[in-house]
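Input: a single structure, listed below in structure tokens.
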Amino acid sequence: MIRVQAENFDVGAEINALSHGNTAIGGICSFVGLVRDFQHTKEDETRVSAMTLEHYPGMTEKKLEEIEAIARDRWPLEDVLIIHRYGRMEPGENIVLVVTASAHRKAAFESAEFLMDFLKTKAPFWKLEEDDNGAGNWVDAREADEDAASKWNR
Amino acid sequence: MIRVQAENFDVGAEINALSHGNTAIGGICSFVGLVRDFQHTKEDETRVSAMTLEHYPGMTEKKLEEIEAIARDRWPLEDVLIIHRYGRMEPGENIVLVVTASAHRKAAFESAEFLMDFLKTKAPFWKLEEDDNGAGNWVDAREADEDAASKWNR
Amino acid sequence: MKILYFAWLRTTIGCTEEEITLPDNVTCVKEVLNHLRSKGGVYEQALGEDKVIRVALNQDYVQDDAPVSNNDEFAIFPPVTGG
Amino acid sequence: MKILYFAWLRTTIGCTEEEITLPDNVTCVKEVLNHLRSKGGVYEQALGEDKVIRVALNQDYVQDDAPVSNNDEFAIFPPVTGG
């Protein structure tokens, strides 16, 4: 299941709801991404005070559904949940959640990592960071994310 | 932090508590292992009706603390939680939980998988399965678990 | 054709969405980009050869040589940074 | 020396924990196992050469040649199956 929403979500409640009552599940892996209050470099101590995630309504849902289908095709999964927020968020807030449930530990771990790697490189979201000087900066894509995603093609 | 306990735990509440208020955390990975109601083979449709986890009090805590220390040494982690139950559990019940929090997604995923692989091969727990015929069987160690753990030495 | 802009392409061009009619000689993605660039000003600035952009046609990623028509939804945006 | 048994070793030998005094010629892990095996019966059955067992000395995994003393806690168990 996928959800694209502006509202926050309760990580614990989502995980608890997903596992409930299915005794074929042997393991549930989850990953939640949060807004970090990080300083850019040692020299530039500016911290992120908030960020806004822009997205492409319609294409976002389509891509998340495709990514879920690929994961289900590739691993024996009992259940999959992807939630991705858009809009303005402050440090400590949830951005994204993936949860995968499988009979097997390795399938749960691998598919959750796959989902995150693909979200990072395929889902049409763009981060605009506001620093504590009030400036807004569009975040550049990271080559490391492309590398992480490309390993699943091997 | 590690906990060895007979009581069940609330996965969602544990994850929510761990993340609370630390804005250096960019990602939290969790894995929960549950008792499966699985049939042993296609020919033998006997299902597991419950299992009892025996452990070695004292050594268990020592090994979990060692495993946590290795993970913290190897990855930049903001927080680590390991909970492992012992005693009798029925299908659908939680057995084990690991949660790792880091600034970085890859560190959170890798360290959680490492913790599970090491728990499987180093933590002194032994599973006694009861099948629906009332028979009790000590579960054999799986070679696949040893293989999974050994990859972290590469 | 409906053109959508996202992230810094949207803020540079100053427009979220616009409707254009394709000239007859514009038949693929690369030609749409050249056509927009030929409008000069902020278009030239946003779509310059030095810029790294992605195109989605009807909400799927496409390459430069994908064929286009006036009924398509054509989105231009930077590499994604969600997750 | 305190000897602890877990899982099927416990159920086969029928004992959770016992105290033994090491003979002078028993100075390493392998010799403790041989000493116990020499008691015959369920000990021989549980500790036979065909059995896969692990030993922890004072709650750390050890190899066959690790030195032992009467003050040690010596645990015998099958490969672990938790997690």
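Brief remarks on what is shown
Per-chain numbering from 1; labels A, B, C and D assigned in written order.
Here is the rule we use: a contact is a pair of C-beta atoms (placed from the backbone, for glycine too) under 8 Å apart; a residue touches a chain by one contact, two chains touch by 3 or more.
The structure presented is a predicted model; accordingly, all values stated were derived computationally and were not measured.
Number of steps on the shortest path from chain B to chain D, with steps defined by chain touch: 1.
Taking each chain's centre as the mean of its CA atoms, C is the chain most distant from chain B. Averaging C-alpha coordinates per chain places the centre of chain A 49 Å away from that of chain D. Rounded to whole angstrom units, the spacing between the C-alpha centres of chain A and chain C is 26. Remark: chain C and chain D have CA centroids separated by 73 Å (rounded to whole angstrom). Contacts with at least two other chains are made by residues 33, 105, 116 of chain B. Among all residues of chain C, those that touch two or more other chains are 83.
Pairs of chains that satisfy the touch definition comprise A-B, A-C, B-D. Those residues of chain C that touch chain A in the complex are listed here as 4, 6-8, 10-11, 52, 56, 59-61, 75, 77-83.
Against chain C, in their complex, chain A makes its touches with residues 33, 53-56, 58-59, 62-63, 84, 95-96, 116, 119-128, 138-142, 145.
Per the touch definition, chain B reaches chain A in the complex via residues 10-16, 19, 21-38, 91-92, 103, 105-106, 108-109, 112-113, 116, 148.
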